[in-house]
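Sharing a structure with you now.
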């Protein structure tokens, strides 16, 4: 998991726990049947929604998305410009020897080296982008499903607790604690949804978006290399993937090259 | 129904029942008029929304989606590559003898064997995909309708119970149990929506998505076979429908073939 | 109104009424000012949203959608195949004499008979489809507006009742009945929205979708006839509008014809 | 403001006021700080969302949309047919003398008279349609913002009232009236949102849609005139913008002309 | 921050504070653990959703959007017309000397001066527009995330408070104040979401929309200049980006020029 997410997760749960501790005993916030109905029920419902293999793959993809650091667009642009220079000097076959870290760029370059025609390369790489996105969306959607189901299970738990409490009101003193226990499942559901599952789904969506942008950049770079464009033109073209204030690095290199 | 859905459904209802049992008697959670207004009312409203024939077809399609195991993309790719090899050696007429399990692939191959031109084949198969999806969506939408209507019916039942309770508050001791009964319909609605109807709708959506991807893969495969592409090129093309880590099988075969 | 909708409507209201009756007197559920604020207020707000002429047209369209039974795709396909056979034998002018029940198909055939060119025919019919859909959507949107506004008016009524009740709490015994009355408007709003307006809007949407599919089928049929395609090819093309299990009728006819 | 909207607005507020009056004194529904927080707070938040100039322009556009009666599609079709007859007889220059009420049609005709080429005319008019729609959407979005913000401000007011009430519960008799006052802001927010702002936003959306349809009709008419199409063909083409039952007028004229 | 937003923010918070003050002591609305769980928890969850660098960039972009006054479309049209006159007289190379305030227009002109072909210029500038919008959307989405998370954190805080209160109801007199404290976090969440974060997100969206419209205008202007269109034609073309009543300025200039 990347650091920001980890810090955020610990910080969020910390804020909630501190608020609980400041109000007194922690014990009153623990309730076995409540945990079972919210956590167990949510997992069971998610199992109904997604087959185990999909869930396992999605989890793996999510873990990878958190652990692997994706390259910055800047690094990718520099790599593309370097590749285009080589292709210009030695022809596309010269690209075969170049060491390329990024998997997707590597596959694109291999297609070019194999002499595939431009439409085929574009189609292959576009397909690849679309399918990657679909798999990423599966990962997000599982966490979104948890964020949807947990509060519903919490509400079901609270309703069960309220019905039990109100069916038997012989001891008025027991009402308060019984109501407290009934509310706990709603609290569990809200915490699971808002403090854990929903932020992870959003972080995965952001990662997916960054990777899609990176891959679009690479796709355009590969197309430009295959079209035999001038490295400087390619650089100008790809620079538009950067915020205006980060485009300068390119100009400096250009003036050095000049 | 597929195993994961069945386990999930039993698990969810089990978690809810266990929570009920731990709190005491099961009897207080059963209420005739409540069941009638939520279950009966929901079915009646769904009948208003969908004519019987649509509902029956949709149910059949849903049942089929649960029971039939769809082929994996990997199997389909292998089949397409095999077909393209045959078409290369014996011409497309040679495909007539090949045994094909998948209905949609079979229909596509028949169209090719009949000598239909490429645009016609693509149009026929695309139409087929779109209409299949529309029919699948009908099935999902019925379960989504149940998930929408049940909580509303639950709320209507609770409002009726509250009005009855508060119109006659002569016996304060009866208030609690009356309130408990009033809340039961909200509980029924929440359980039907969140633990049964909504997960089934989502599972159907997932199945529909998988089938659409399979059919897109087949459509592309058929087009490639008809265009007379090299089996290895077809394999590369269709491999993009697989996650990166599952693409290796192809390479191994390739090296064996080499 | 079609039978399923009528049965559903009666069944839903019946379920609600039965639940009310089982709890005691029906009288406590009737409240004049409550009916006025929810029913009257909802109608007035809908009048603000839609001018009278639009509302009247939409109601007429809705009534027609309920009363007229649309033809099945199967019947339309058979008709298109029949027309294409005639057009093949006698030329498109031969179509002038054929009796055609379906208004839209008739208009399309007339355009073909008049010798309009293909793009013009397609444009005319496409425009027609889009505008029909727009008018249908108006009808749906009025019922959707009722389903949106009624619960809001119900909430406003309940808030008014609660404010009145709590401003004057001198007689504790009157609290219960006053609260019951306040809740009634919320109940009215929920019933109007969920048991009447929303299902009707959804049924209209379904009808509109069926009609759009029928018209798309006809549009494709007309285009195929005008292009002079073989009746058997047209049949194959249009059969994709049917579920797989309904396509057989065509094959039987084919074998008989052979 | 058009009559239906005005009647609807008065009727809605009338229904609410009547319900208030039937329950007793009107005075208990007036609360200074409550009005301030809901009305003042809502206006301030809307000011944060939209700069003053945008708000002023939007209000002006909204007022104009209510006051100006837009022409019916029927009138526009008749005008386009008339213009095409003139253009046929006297050439497009003959259109310069024709008096045209509709601003947008006039601008289109002027472009044709100036001899602009077809693509340019279409681009100019399409741009115009898109920008008009964008400005209309601004007007709607301000009323939608009011409908979103007012209930939130009402809830904030109620929460403030509840906190104040519960912090000081020394006099149990004051609880009821204090609670009543706290609920008032929620009532204000609900009335502003559901009975005023939301219906006006919807009416503006409807107007905008009608104007867009009118302008699309004109755009198609201008293109047809410029292409030198036969007036009868143009009539047939534009008639598709009318509901089927309103198309007859054209046929009558045709038979008279014949 | 622009003046309207600042006034709106102060006004909104002022209305809320006044309502609090009129009801008595301000002190009862301050609660340390409540602030911690809502403000702290919200920031932590947002940190989970967005990495720090994204958040920092987005904040900077937001600040810039508030501080920089974007040029009016009118000014941009005048500039484009001026540039096209120069390009007509001195050729596109003459544009190199012209001083251009707007960054995006400047970049476009530089591309034209460099002799890039039309498709390349359009692609570069379109890319630029899309990426600017994406970065703006990141800024909005952070404020939208705050508006989503704060009420959820408020609800979690209230649930914690209620559970603590009801677990220990030995002193009935403490119930009111404890309930008041529990409600405070809901109030904090509502104020942060509705009075601060949500309006800022909407204002940023409006700014982004204005900038996109400006950039579209410039893109069209650049394309027209490169195509060598007549300055008057360019003016007519770009005028469609203005509301009808603002288009007159151009005509006056035209008649002066005549």
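Quick notes on this one:
Think of it as A, B, C, D and E in the order they're written, each chain with its own count starting at 1.
Heads up, the rule we're going with is that contacts are C-beta pairs under 8 Å (C-beta built on N, C-alpha and C of every residue); 3 or more make two chains touch, one makes a residue touch a chain.
Computed from a predicted structure; not experimentally measured.
When the partners of chain B are compared with those of chain C, no chain appears in both lists. With steps allowed only between chains in touch, the distance from chain C over to chain E comes to 2. Graph distance from chain B to chain D, where chains that touch are one step apart, equals 2. The angle needed to superpose chain A on chain D by their Cα atoms is 145 degrees, rounded to the nearest 5. Chain C and chain D have centres, each the mean of its CA atoms, that are 25 Å apart.
One finds 41 Å separating the Cα centroids of chain A and chain C. Multi-chain contact residues of chain A (touching two or more other chains): none found.
Taken pairwise by the contact criterion, the protein chains form one closed cycle in which every chain touches exactly two others. Taken in their complex, chain A has these residues touching chain E: 2, 4-5, 7-9, 11-12, 14-16, 18-20, 22-24, 28-29, 173, 176-177, 179-180, 183-184, 186-187, 190-191, 193-195, 199-200, 202-203, 206, 213, 233, 236-237, 240-244.
In the complex of the two chains, the chain E residues touching chain A come out as 32-34, 36-37, 40-41, 43-52, 54, 57, 103, 120, 123-124, 127-128, 131, 134-135, 145, 149, 152-153, 155-157, 159-169.
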